[in-house]
Amino acid sequence: MTVMASLGRRAAVEFVGTGALVAVVVGSGIQATELSQDVGVQLLANSLATVFGLGVLILLLGPVSGAHFNPAVALAAWWTGRRGREGPGLREVAAYAVAQIAGAIGGAVLADAMFAEPLVRWSTHDRWAPHLWLGEVVATAGLVLLVFGLARVGRAHLAPAAVACYIGAAYWFTSSTSFANPAVTVGRAFTDTFAGIAPASVLPFIAAQLLGLAVGVALVAVVFGRPAPAAGDVAADFVVPVDDHHPAAAAR
Amino acid sequence: MTVMASLGRRAAVEFVGTGALVAVVVGSGIQATELSQDVGVQLLANSLATVFGLGVLILLLGPVSGAHFNPAVALAAWWTGRRGREGPGLREVAAYAVAQIAGAIGGAVLADAMFAEPLVRWSTHDRWAPHLWLGEVVATAGLVLLVFGLARVGRAHLAPAAVACYIGAAYWFTSSTSFANPAVTVGRAFTDTFAGIAPASVLPFIAAQLLGLAVGVALVAVVFGRPAPAAGDVAADFVVPVDDHHPAAAAR
Amino acid sequence: MTVMASLGRRAAVEFVGTGALVAVVVGSGIQATELSQDVGVQLLANSLATVFGLGVLILLLGPVSGAHFNPAVALAAWWTGRRGREGPGLREVAAYAVAQIAGAIGGAVLADAMFAEPLVRWSTHDRWAPHLWLGEVVATAGLVLLVFGLARVGRAHLAPAAVACYIGAAYWFTSSTSFANPAVTVGRAFTDTFAGIAPASVLPFIAAQLLGLAVGVALVAVVFGRPAPAAGDVAADFVVPVDDHHPAAAAR
Amino acid sequence: MTVMASLGRRAAVEFVGTGALVAVVVGSGIQATELSQDVGVQLLANSLATVFGLGVLILLLGPVSGAHFNPAVALAAWWTGRRGREGPGLREVAAYAVAQIAGAIGGAVLADAMFAEPLVRWSTHDRWAPHLWLGEVVATAGLVLLVFGLARVGRAHLAPAAVACYIGAAYWFTSSTSFANPAVTVGRAFTDTFAGIAPASVLPFIAAQLLGLAVGVALVAVVFGRPAPAAGDVAADFVVPVDDHHPAAAAR
């Protein structure tokens, strides 16, 4: 029997994880701009630090909260599992989203503090252009296809490395450098540094991400067909949190 | 019993996967040239994004279509398995090749769209020289040796990481930056950006790739001997697509 | 039955491992500054070399000594296990710390020797600022959360890759470039090169690390709850050294 | 029962593998110097390409020949196994060494051909200094400690990733950029490009490598104790080649 951690603890873990993720993204961006004049080198450092940090966070926190760190993923998990008993309910999605947004803001503030930047200063980095929005649609669709597709092919245990590598590629192949996450987008508005986004640019980014979410869910059906859900057909790290105290956790 | 997905769905997956691969290659090339003046930094970013993206694509889509994304690999799978019942038939190879070429063109167009480049503009990047053709022979031979060799030593489940790493090395150690793929070569002719190839340079590249394919198949026999094919002796991710609905997929 | 290596041998292994770690950090820093003028490129090389080297060291030496290479980790292992019979005693922690500090100094001297630098010259690199100390608190807290959290979710066998990746990210997202290790901090005072730290800056760094250790231990309880320790609930690579001669070691 | 491939085929595989390794090292060095003016970026590209390429080669060819690609490793395997029946005999070591040296020269010529360089031109890159020789001692000792240590702790199946990562670190933390291989050293004398070594510098490098080999063998005993060799206590990828046709190969 697998016992799930309480919603309160899982939300706390989503707060910690999303905060850590944004601290990695924002902090490494600041460090990179302090050390190099070459923006290519800056984004290399920023993207590699994110690959390393995100992979570790999913590996460590996935067994407790599912390691979504992303309201779009939580929403997709609800949608995908809405007819069964596997997925989260809307109440859980709401609790996750609140924790994720709060964590993202906290992570940006922490990164600013570590680099002696003003703790909160609205970003002046405009990211407003149709081709950037297309980039966010593609980035989010790809993320959803990956997360739920891995579950469909029985490889969800590889999500830590796979999701981290995907984001590492998406930093470069999408014009928007792949935010792909409404909570992280909000958090990054609070810092006027390399990884920031001007508040006025936030809403279109989130709209594009939600569109990408829908595209991604459709792509899962196209690529993997409609599921006849089986017992083993679940996303271990992303969709079904398990009790970390339970011996079963150690068996995976 | 393992049930294979329909040819139509598998071809659709090859379309999606090859398109995504070319979008990664072309898109990251555009981003890199926008951000850095140092061509070494540009190719570092381009190659690392490809390593991350290609590994994820094979991991995710391998269980459905085999994740060839490459007519040369499909052709080699047919040749290698032509006397048994494991490999694809020529009709499947043709369907795969059409889907791969269409996907590659679509991926180039998508990358151009994400970066506000003209959707289609023939590349003006001449890649015409005997030493580049030798590079393509070596790159393709190495790829074939790797894909079919992994199956021979029972390590085909590591193909996602291994093929991605191979391409990451081949970007650098071959003079042609390792196209090694006729479909991707065609797709990259449609974009006049970092990763493009002038249409006039396409045919010799493909000829070199087919020569490399033959060299690679010969190398497999030299290195691994002639096989007495056993039940377990198959390339899980590259040669034998399995039904992703089936519990057996989860057991791997 | 698992037989532990003698304390003498385990301390010798901690000496070798910590020495090798510091040689990697200091040596790659020297090489990087000799080859590039771009400090971003220098830190990319320095951090990637550390990721590669640290992962290998934990993989290789973990089964013998636990591969702490860090008095803070040894101290946390004692604290975490103080009520059971799993963790080390304070005498072992002391032996480890002495070996680690001696090893760290030896590693710095070895790196200097390999690059024809003066074998010992106090670093003139001041690292004295409150935001750097905050960076060390965060870096050490994250390390402790990771090492002991992995044990709690039954993924301690992935510690070599996870800890290496964490440090690779922390080089960039913390302002201090993440020393996170009192022994390594002492060792790096002995070299006046890229990775050095002025002797006057050492004590506040260590104080911040110890504060981070406390924060990390608290975070483990918040994120993973209070444990009802089970037999399988141990950090294979970090907390419980096993006899490498014993067949059980090969079974993992 | 595990059937070993014939010595002739294993030597052929060592020829192919060592040749491919040198082609990766030399070829990526040429590409890097053609694309960037920043020597740090050049060595980043060179080292990352080697990490990717070497890991793949050991993964693919290890099950056939042991994937030594290095007379020093073959010699250490003979020494370590000389009292049992596991290790190679001196006749095998000699056959391997000849194949490795021939392969290394062939790989350098192939890389030159791919980049339209003169096929053979003695390197003019002097690498003659005591601190470089110390670098080679350290690099080779570390390699031997790793390869044979992994076997001692039952983790030889991770040798492909571990050895590749080690070399990636050693490129940077040793002053000599870690040749650590007599055959590769000879091969790299045949190309007057980035990775070359002047013929006059070859012998002291090889002498340092042999000294490092002795240090490494001693370190294995210090760190892991004297073995009471057990059946499972072997280096799967490095010391005991197995028949790739045999089902047992697939079971690993």
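Every chain is named by a letter (A, B, C and D) in the order it is written, and numbering of its residues begins at 1.
Assume a residue touches a chain if its C-beta (ideal position, glycine included) is under 8 Å from a C-beta of that chain, and two chains touch if they have at least 3 such contacts.
Quick caveat, the model's predicted, so the values are computed rather than measured.
A.B. asks: Any chains in contact with both chain B and chain C?
C.D. replies: Per touch definition, common to chain B and chain C: A, D.
A.B. asks: I need the common contact partners of chain A and chain B, sorted by label.
C.D. replies: Where chain A and chain B might share a partner, there is none at all.
A.B. asks: Pick same or different for copies chain C and chain D, depending on whether their interface residues overlap by over half.
C.D. replies: Looking at both copies, the contact residues mostly diverge.
A.B. asks: Taking CA centroids for every chain, report which one is farthest away from chain A.
C.D. replies: Farthest by centroid: D.
A.B. asks: To test your reading of the model: what rotation angle superimposes chain A on chain D by C-alpha positions, in degrees to the nearest 5?
C.D. replies: The best-fit rotation has an angle of 180 degrees.
A.B. asks: Taking each chain's centre as its mean C-alpha position, how far apart are chain A and chain D in Å?
C.D. replies: From the centre of chain A to the centre of chain D is 40 Å.
A.B. asks: Would you kindly tell me how far, in whole Å, the mean C-alpha position of chain C lies from that of chain A?
C.D. replies: A distance of 28 Å separates the two centres.
A.B. asks: Check each residue of chain D and list the ones that touch at least two other chains.
C.D. replies: Where chain D meets two or more other chains at a single residue, that happens at 38, 41-42, 44, 48, 51.
A.B. asks: Throw together a list of every chain pair that touches.
C.D. replies: According to the stated criterion, the contacting chain pairs are A-B, A-C, B-D, C-D.
A.B. asks: Spell out the part of chain B that touches chain D in their complex, as residue ranges.
C.D. replies: The contact residues of chain B facing chain D are 38-44, 48, 51, 129-131, 134-135, 138, 142, 145-146, 149-150, 152-155, 158, 162, 165-166, 168-169, 171-175, 177, 219, 222-225, 227-228, 230, 232-233.
A.B. asks: In the complex formed with chain B, which residues of chain D make contact?
C.D. replies: Residue positions touching the partner: 5, 9, 12-13, 16, 20, 23-28, 30-32, 35-38, 41-42, 44-46, 48-53, 55-56, 59-64, 110-111, 113-116, 244-245, 247, 249-252.
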